Each structure stands twice: as C-alpha cells, then as structure tokens.
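Presented below are the structures under discussion, each in the form of structure tokens.
Each of the next two complexes has subunit A plus one more chain, namely subunit B in the first and subunit C in the second.
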Partner chain A sequence: MAETVPYSEKLKKWDRMESGKFGGKAPVTTLYPFVDVEKPPEYRGIPHINPEKCVGCGACVNACPPDALIMEWDKEHGVKRLTYNAARCIRCARCIEVCPTGAMEPTTRFEIASNSKEDLVEVVEHKLAYCEECGEYLDFTERQIEYVKNILPKDVFDLYSLEDRMKLTQEEKMRKTVVTLRETEGNVYPAFVLVGESTKEKGGEE
Partner chain B sequence: MVRTNDLEAHFGFECRACENGHCNKASLETILGEREGLEEFYEAFKEHIRECKRMTYGQYMFIIDREVLPEAVLWWHNHPKFKETHLSTAVGTDERPLDGKFVYMPFLSVQVEPLNMDRNYWMFLKAYMPADDPSFPSVAARLPAALWIEREVKDLLGFRPVDHPDPRRLILPEDWPEGVYPLRKDMDYKHSPVTEPKTEYRETPEGTSLVPMGPVHAGVEEPAHFRLFVKGEEIIDVDYRGFYSHRGIEKTGEGRLTYNQVLFLAERICGICGYQHSVSYAMAVERLADVEIPDRARYIRTLMLELERIHNHLLWVGIAAHLVGYDTGFMHAWRIREPVMWLVERLTGNRKQYGMNIVGGVRRDLLDYRKEEVLNVVKRIREETKTFLDIALNTNTFIKRAEGVGILPYKVAKAYSVLGPTARASGRRIDARLDQATKTAMAYNEVDFKVPVYKEGDVLARVLVRMDELFESIWIVEQLIDGMPGGDIFTPIGKLPEYEEALGFTEAHRGEVVHYVMTGEKNKVYRWKVRAPTYNNLPAIPEMLKGYHVADAPLIIASIDPCYSCTERVQFVDVKTGRVRILTEAEFNELSIENRGVF
Partner chain C sequence: MGKQRLKSVWVYHVDAGSCNGCDIEVLDVISPYYDLERLGVKVVPNPRHADALLITGPLTRQTRISLKKTYEAMPPKPRIVVAIGTCASSGGIFYNSYALYNTSPQRGRDRLRSGGPEMIVPIDMYIPGCPPSPEEILYGISQLLGIREKKMKGEYWYALPPEERARRESEIEFKIPDRPIPLRYWLTLREELRRVVGYFDRDAVLEDFMTLVGKAFEDEKPREKLHDLVTGYFLKEKDSRVGFAMRFLENEFWRLVDEYLEWGEALREKYPVTAGV
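After this line comes the complex of A and B, so read on.
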C-alpha cells in the first residue's frame, strides 16, 4: 500500500486531518485513542533493526546517547548480540544516521505502551567469525568481514596481505608478524611502517 | 595541549581564528588592545593578574588572585561606561587531576555598546584555590546576583564562600549527607548516599504568619516551594526552596558521554526551550574546536530558534491568562500556538526536542517546498495573535490583574542580573542575540529586528514585551526564509582539542542561556556548566512579591516564565508500577536508588 506512492510525493501531499478544523469553528479536538492518528512521514518514531541488513558493526551502539542499544559478546557460543530497548530510546535517530548498511530503519510508530517489558526489546544475534589457526572466536561477525571485503579496494588487500590475516585473532597476527620479521631480518623495514610513525611526530611539534 | 595549528595539520581544517588574529597565542598588548575596557582593567588590577588570554572570539579570560575576586567583579559590574554589564554566572571546577587546584570562575557579559555584538565581550575572572583550602571571599555579600551561584559551588564542590550572607543548602536534597560533593572528580556518578533529612527553612519574621505555596506551583505545574511571610494579605518576605528536580545532568555529561551524545542530553534539559540549550552547547564546542559552520546551517538554526520563541511566548501568554482567571484567553492562545507545533513536527520530526542539531551543523535540511508552509503558518499566527491581543488587552480581568503588579525596578533588576523579557520589561536594554557574538552559530547579524524595551517593570509590561517580541520573531522568520543561502548544512569536527574552554550562548524566550564547556581527553567533556535564564530570574522573585497580595503571588511568579527543570537540571523519573502500597520517605528513597537505570 505504502509502496505505490513515492516518498517525496507523500511528503508533499500529506496533510493533517485536524488542520482544516482549526481555521473554522469548534470542535478542534479529535477522539484520540478511538481514532487512529496518522503521523506525518517526517516524524521520528522508534527505530527498528532490520536483521537482514545488519552486520553487527556496533556503530549505532557508539552513537546512542541513552544506551538504548547495547552490544554483548558471547564468545563461548560464538554469538554477538545487539539489543535495542525502546523504553530507553529518546528517538534522536542518531543510529539511523550512522548505520553503514541502512539496517536501522526509521518508522513513524510512537505508541509503544505495553503490558510487558519484553515487547519493547529487539534482539539481533550474529555469528562470530573464528580464527582459522587456533579456532577461537574473533571480535567480529562473519557478516562484518564480508562487508569489509566488499568495500575495501583491491590494492589495500594486497598491500597489507589482508586476505590471509583477516580471519586471525590478535595473538595469531602478532605471531605471524614476528615470523615474517625474523625471515626478513637484516632487510629494510617496509616503507608504510615508518611513514605512519613520522607524520605523528611532526604534528606534535607544531 | 593540542593547539589549533595541530588540528590544522591533522585534519586539514582552515583555522579561521588564526587568520583573523583571534587565537589564544596572541601577545598581551594585542589582547588588551582589542576591546574597550580591557586595558583599564589590567591597569587597575595589575599586581593581582597572573595571566590574560583570549579563549575565542569575544571571550577573554583573566587569571586573578582569589583575594580580589569581589573587587574585580564589582569593578566590571559597576563600571560607569558599561551600563548594562551583568554577572552572568560562575563556574566551579575541580581541576585537581590536572594541576592540584580548584577553580572558581565568575564571568560577566560586558556591554560596551548595547546590541553591538562586535564590541561587547565575555569576561572570565578565573581564580585558583589550593586543594586543601577551597575558599574565596564572597561576591554575594556585595552583589545579590552571586547569591545562588556561590551556594551552588558550596553544595556541589565544597567551596567555602567567606562571609556569604545566606550559606544554606541550595541544590542538594535535604537527606544528602554533609561532606559529599557530587561534582568533585573523585566521586563516581552512580554514587547516591542518603541520610536523615534535615530542613533549613528561614525563621518566620516577628509579627507575620506563614503561607506555604508549593511544592508544586499552581500555574506552571512544576516543583518549587515558596514560603510567603504575610501580614494580613500583604507579603512581607519570601523564602524559596527549590531544586526538587535536580537530575545531576552535568555529572552525567562529564562522566560517560562523548561530545555528540551530550548534545542530546542538553536538548532534554528543558521541555520547551530545548533547542536553545542544544544550540548553546553546540556553539560552545564549535567555538573551542575553531570551526565555522556553513551559512545554511546557521540560517536553519536561527529559523528553528525563532519558531520556538513564537510558540513559547504564545504558551506563556496562555498561562498568564489562565492565572488571572481569563481562561478564554488561555484556550485561544494555545489554539493559535498549535499550528507552529505541527509545522516544526514536519520540519524536524518532532513537536518538541527537535533533534535537529549536531556539533558542526544541523541534521535535516529545509526542503524548498516546505518554505511556503512556514510562511503560511507565521502569517496566520500574526493575524490571529493580533486579534487575540486586541481582545485580551481590552479585557478588564486581564488588565486589572496585571497592571502595576509585581513591579521590579531597574536597579534591582540589574543587581540580581535579571535576564530576558523580565529585564527588558524593567528597562534593561539587553538581548543576547545581538549583545554577544552569536554570529558563529546563528544568523542574527544578518537579519533586522528591534529589541522591545519597557520601563514599567510590572506584569503587564512583561506581557507586552513578549508580544512585541513575538511579532519581531515572525518578521525574522520571514527574512530568514527569504534570504536562505544554499550549500552544505554540516561541517565535520573530528577530534576536539584537549582542555580548552569556551562559552556558548543564545537568547531563549526567558533570557540568555549559557553553556560553558571544558574539554577533556578522548573527545569527552571535562566540565560542562549549564545556566538557564530562570536561574538568574528566580532570586529576584522575592523582591517582586514584597508588598503585594497573596492572590497575586502565582501570577507574579509565573510572570518571569519560570522553568524549574532547566534551572535545576533534574534527575530521571522512575515510575514503579504494579503493587500499590504506601511507602515511607526513606523506603521511597531506597527504592528510587535501587531502580535507577532500569529505564
């Protein structure tokens, strides 16, 4: 039903049903709980997580001012849990703004009163990726790694040999680096290691 | 310390402050020569001044010895040339983790020429105090405007204002133990101790009887406890106990939030002037990061601020009509107001708490087809308000109750640093929109409007000032829509400089809102001080009430448009549903502490 009219057209045409009454005579009120109040399309209602699009990166959790979004790691079961609690939400829509995949979807819902607290909570669980060397779970979800693979250009992959290192835990990565450094002992360090350090120092002096 | 130059090197920002020569690295002569009065002050207090610096454009800080604090504040306040200078507020900071000292810092808005934002400036007088003896000579003994702020730093930081005339508790609840100071850095923001309550009311003066009014105000439905001491019908003296809704917002903001998250907390300080708080806070952060926001963002912010002023003044005139017993006026004022709420709902996504702001710009653009709607709405409001005023000001009920009631003379208004329409109704020519350099965050320098001033100082004058302002606001909105520039609406800020200070300010419909921000490490806020206009206006209420009848008291109190939540920066409300049982006060306190954070 909603799909048939494009959003931009909907914005222009939407009109408040009471506004006609305001110019004329009384009554100006509506029988609110018994009639449906339609909110304008711009209204910021409570957001909703689309589990198909969510990659579990946690950008929304970092941005959320009242901690309505919480991220938990369950490394035993290999699960990363994203919880959204509408009762804490202040409807600032920051999560919608920062979401890289558009998984936080805006709605115009505002009537969230309910008999049980569970109705207000949305949970999305993600599978954690695991290290191919040691079999431990990583901090990232599988989808996150897929997402990064899709957006990073090929040269970056080649430069840092990401293809091999991506699915490793921090310890495994360090061990690998030590191994490669030992192999290349006596050689000059790769250029990018030095560049990163020197620019930092320059900035501090000024 | 990260300087603006480093920021430039790291993020490629243009440092406009350096280009124009307003950086805090400028030499003493340049700083003193920039604005009128600085040189004179420096000469007068030469041996007590430790350091001078420019914090940002139009904000100067002098580090002085604490012994001369009252003299220095009064030097500015009573300066014969700068007539409208007022003590804005003061900030107490626990800087022990940085340099082992406490800081007490009153600041004044110095008005070289009223309504000229390029000549006026903010003057910060910073005094360091050793950690083992945080005391300073009281300014309040000689200037009533400092009464509350000194009681506040005494409560929250444990400072000792020597010779303070009224050293009772102001902010903390009665059951808060002595010697626990919430804003000190060594206290965790979750800690909430409770002891036996101990009330400190003033003694009833001889020959008078007591009429308690509150703890909930009759008209504005917010908690404030006035104790009127009356002789017959006449009010002789007043005692005030408020801050029942202190939320500890400043501590929360300093504890765990990043600078963009604090913005949304700032917006929720007040129910109806939230956008003013949000803009003030954003302005403070933008000022200390030395970024200029795009013109379009400045215009959109100004537009929203003025729309907010329009509906707030209509709301207030409705409440005033209700309190004088003219309820028809109340209904009509709120009816006229409603389309503005609908308009802002479509512009921003919500009726109140627009969520429109972000540090560095705004979040929603104003789409072109919406411009027409804005003009339609304000046009209708202008017509309807004119009709409403015609009727209301010819209603005897209204005029007889409002005229000659609650007079606040100019001298008292100045001594208490009264702000906003309340001050303008008493003849003070101040308006933070034009007085101070709002041009970095708002577009008031590019529109033309008048600042209405009345000399009578009674409730009627306050009504008239607000209504005149409303028409000016409509005129501003029309100009803004007309001259709305194109372009971006947002400049990214990136990392904030560490331990820098700046002030953000706007003129809310009640007076000037001030947000002082000092940044800490890792994009957090080290000290955030909020001062809502009611904080300065409320202490002057006893002066307005004296000599009038008890029946006038609700109207006089409401005439400053008090907002207790703003003033008190209140705690989140927990509602315990389910079983109904009667709790004693202590049980209730325990419950509320246990259940904090559930929602």
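After this line comes the complex of A and C, so read on.
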C-alpha cells in the first residue's frame, strides 16, 4: 500500500451521487432502498469487536459514556464477558481510541435496523487466569498475561523473576515475597507486624 | 404487528423528550433527496389517521402519559411502532437519568440494555444511531415494508487462551499481528501518533510506517535506509499532514530505540544480581 496508493488517495474512492449506476447522470432523489450504496470511509458506523485481538482488559468499558459496553464477571466459572449492544451505542468512537490492541474496529456499516434487540448484541467471552496455589481465579484473563509478556523486555522478566509470579493472586505474591526476604536476609519482622504499625500511625495523624 | 403486507403506511411522529437531533433527521427523510413519500409513507398530523408511530427520544416522565394516549388513539389494526435513534431504542446516553421513566429491574444495565419507550409500548423496529443518518431510517422503514432484508445478527464469541486451538466456529484463537518492531515500541508510537493525526487515521499511517521499517531493517544501514524511504513517501504523498506524521514517526522511533538501550544498560549497572524479590 505504501508503494502503490498514498493514504489520501485511498479516501477518495467514495462517489456520493452513485453516478455510475444511472448512466452518468444522477437523479435528484437517491434510489437507495432499491440499490446498494456505500457510506464514505470516514463514516462512523457501529464499532466491531475483533475477537482475535481482544484481550479483555476493559479499557473500552471504562471509556464508554452510555454503557453500551459492559463487562460481566463470573468468577465461579472463571469467565468474564464483554458485551456490546449497538442499541445503546452513540458512535463516539471513544472505545476505538483507547483500545490498546486495536481490537475495536471502526466500520462504515449503517444497515443495522432490526426488529429485535437480540440481533444488536455482540458478546466476547474470556477465560480468567487461574492461581493454582490458592485455587482462585484472578481478575485478569490469560490473554492479558500473554500480552504483557510480549510488551515487557526479557531482561525485566529475569530481573524480577516475573515468570513464576505472574499467575498468582495478590496475597500469594505477598506471601512469597516475605518468604524470600526471610531466606535472603534471615532477620525480618513478620508481615502482619509491619502492617499493624503503619495503620496505627495513619490513625494518629487523622 | 402481525404478518400483513404493508403498502402505504401513514405515520405520526412523537417526540418523547428527544434532543431534536433525531427529529431533524426525520425531516431530512421527507426532503426531496431521500424522498420517503415515494415508498407510500406519509406523515399525518393526527394519530387517529396513522398506521405507524415514529418515536424519538428516551421517554421522559413528562412525555410518558402523552405517548401512552397517542398509542391508544391509533387505530388498533396495524399499530406499528418505530423507535428512531439510540435514545428511543434503549434510553441512550440518558439511560440512568432521574428524569426518565425506566422500570427495568437492572436500570438498563442488562444484556439487552432495556430502556426508553419500550417500557410502555411494544416496538416493531429499532433504528439505533445518534442520530441515525437518513439512509439508516430509510433502511429501517423499507425493512418494515419488505423491500430490504435484515442484515444484523447477534454474535457470541469464545476468546480462547493463547495456547488452545479452536474446535468450533465460534471459538477464536489469540493472535498478535507480526510486526518488524517489538510490541512496546509499537504501542508507544501508536499513542504518540494520536496526538499528531488523531485516532481515526493513526492505524493506517502506522501500518505504512511498519512496512517501511520492515524494508529498512533488511538493509545494512537501517537509519539511512529508513530516512530515504520516508523521504520518498513524503514526496509521493499529497496530504502534507500524513507526510509530516511519517517524519514524526521516524524521529520518535529512533529516539525510542536509543532510550531503551540506555535504560537497559542503566538497569544492568544498578542491579547486577537478580535476587528474585
């Protein structure tokens, strides 16, 4: 694409009067419901979730003003669902702007009217990561872990030995930290003593 | 609504607390370019003559009684209701406002996002959009008249974890696209590019830049080669903003590469031993 067509040329494909369909001369009234038409490439149609790229981070859910995107949690089955409903969407494209993987894709689709709302729903179901030491599901998905592994350089993983700690819950991580500290330095206060002191100090200041 | 064949539908337009955006689009549909009347649709000033009701707006408490009375005043036989706009389909951006009449148990946060006029009247056609463009309204009404087919379909995808392979059609494997540079460079460039060309054009521009980088790293001197390629792109591109964005990307990319190299060495000096804490 970089060689053949410049980017600004590509945007000019759209022909508003659809003149080719009427022998070079377009009538005043559009023939739309009887012929197919296309919207311009900048047109804001409903966004579409690409399930190949989506990691289930929920950035779009935080950004969505009318809550067309909602995250449903199901920790018992280890699943979280990203539900999108076009009936609530106002096409502000905030989700496209904030998506860190490019999974939210803008489309120029405009033929979305339907007689039931079930047709407008789009759901992506993600599997949560599982902590084998605690037997609990974590807050984030396995895809998120994989994505973070790709972002951070290998040196950082070796430095903090992140590979072993990534699939643990917060409590298990703290427990492991205390254990390693005890092994390396020998003489460390137990974790609950440190926590107790800090809360007392905060209470005194208030 | 039933299964009768509709020929010429007379409609009555109700504003249930709309912001006037959708009302203006309804006016647009009647205008000569999108002429709705050639389909036999006529806007009438009285609900007693109307076969269909066009509702715009999220159903405020003030308009609730009048909408109910309008619906009851219509002749009982076809009694078609068309919800125009996101507000009329589901409450829209106002869905949890105190001024709206919304009796759904989860206050509009369920899967179907219930809200709006569907609280008191059954709706036959939802035309979402904020506001819907005249073509969308034309499509919705021509679908009622049997000219066009329904295109949308509900979708349910199972996003598989990275190692698993798909066995059904609805299961989708995880893929990170192959790029010539590491993911963290790509993410930073993408965020920086948003400030230059905006969120809409950035993906296409960045894709072009990736191809240039891929070519430049095949050469022995990537810096000089990339500079040549970007200059060539700059000369060919007529839109000066895109050319400027490519220049910006080139500078930013080499700045990132140098910075990460520096940080890596600084980290190695600071922590020579990895303790695992």
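Observations, loosely collected:
Here is the rule we use: the second predicted complex is superposed on the first by the 156 of 206 C-alpha atoms of A that agree within 3 Å, B and C clash if a C-alpha of one lies under 4 Å from a C-alpha of the other, contacts with A are read in each partner's own complex, and residues count from 1 in each chain.
Convention: a contact is a pair of C-beta atoms (placed from the backbone, for glycine too) under 8 Å apart; a residue touches a chain by one contact, two chains touch by 3 or more.
Keep in mind that this is a model prediction, so the values were computed, not measured.
Ranking subunit B and subunit C by residues of subunit A touched puts C first. Once the two complexes are laid over each other on the shared chain, residue contacts for A:Pro65 go to subunit B and to subunit C alike.
After overlaying the two complexes on the shared chain, residue contacts for A:Ile90 are found with subunit B and with subunit C alike. Using the contact criterion defined above for the overlaid structures, shared-chain residue A:His77 touches neither subunit B nor subunit C, since it reaches no partner.
Of the two partner chains, subunit B is the only one that A:Pro40 touches; subunit C does not reach it. Shared contact residues of subunit A, touching subunit B in one structure and subunit C in the other: 28, 42-43, 65-66, 87-88, 90-91, 93, 97. Residues 32-35, 38-39, 86, 89-93, 95-96, 108-109, 111-114, 124-130, 132-133, 135-136, 138-140, 142-143, 147-148, 150-162, 172-177, 182-184, 187, 190, 194, 199-201, 203-205, 207-208, 211-212, 233, 236-239, 242, 260, 264, 267-268, 271, 274-277 of subunit C are the ones touching subunit A in the complex.
The touching residues of subunit A, counted against subunit C in their complex, run 1-2, 6-10, 28-30, 32-34, 37, 39, 42-43, 46, 49, 51-56, 65-68, 70, 83, 85-91, 93, 96-97, 100-102, 106, 110-127, 141-143, 146-147, 150-153, 155-156, 158-161, 177, 180-181, 184. Subunit A makes touch with subunit B in their complex at residues 11-12, 16, 19, 22, 28, 40, 42-44, 63-66, 87-88, 90-94, 97, 202-204, 206. Contact residues on subunit B toward subunit A in their complex (touch as defined above): 3, 5-6, 9-10, 257, 260-265, 268, 335, 338-339, 342, 345-350, 353, 355, 363, 367, 369, 599.
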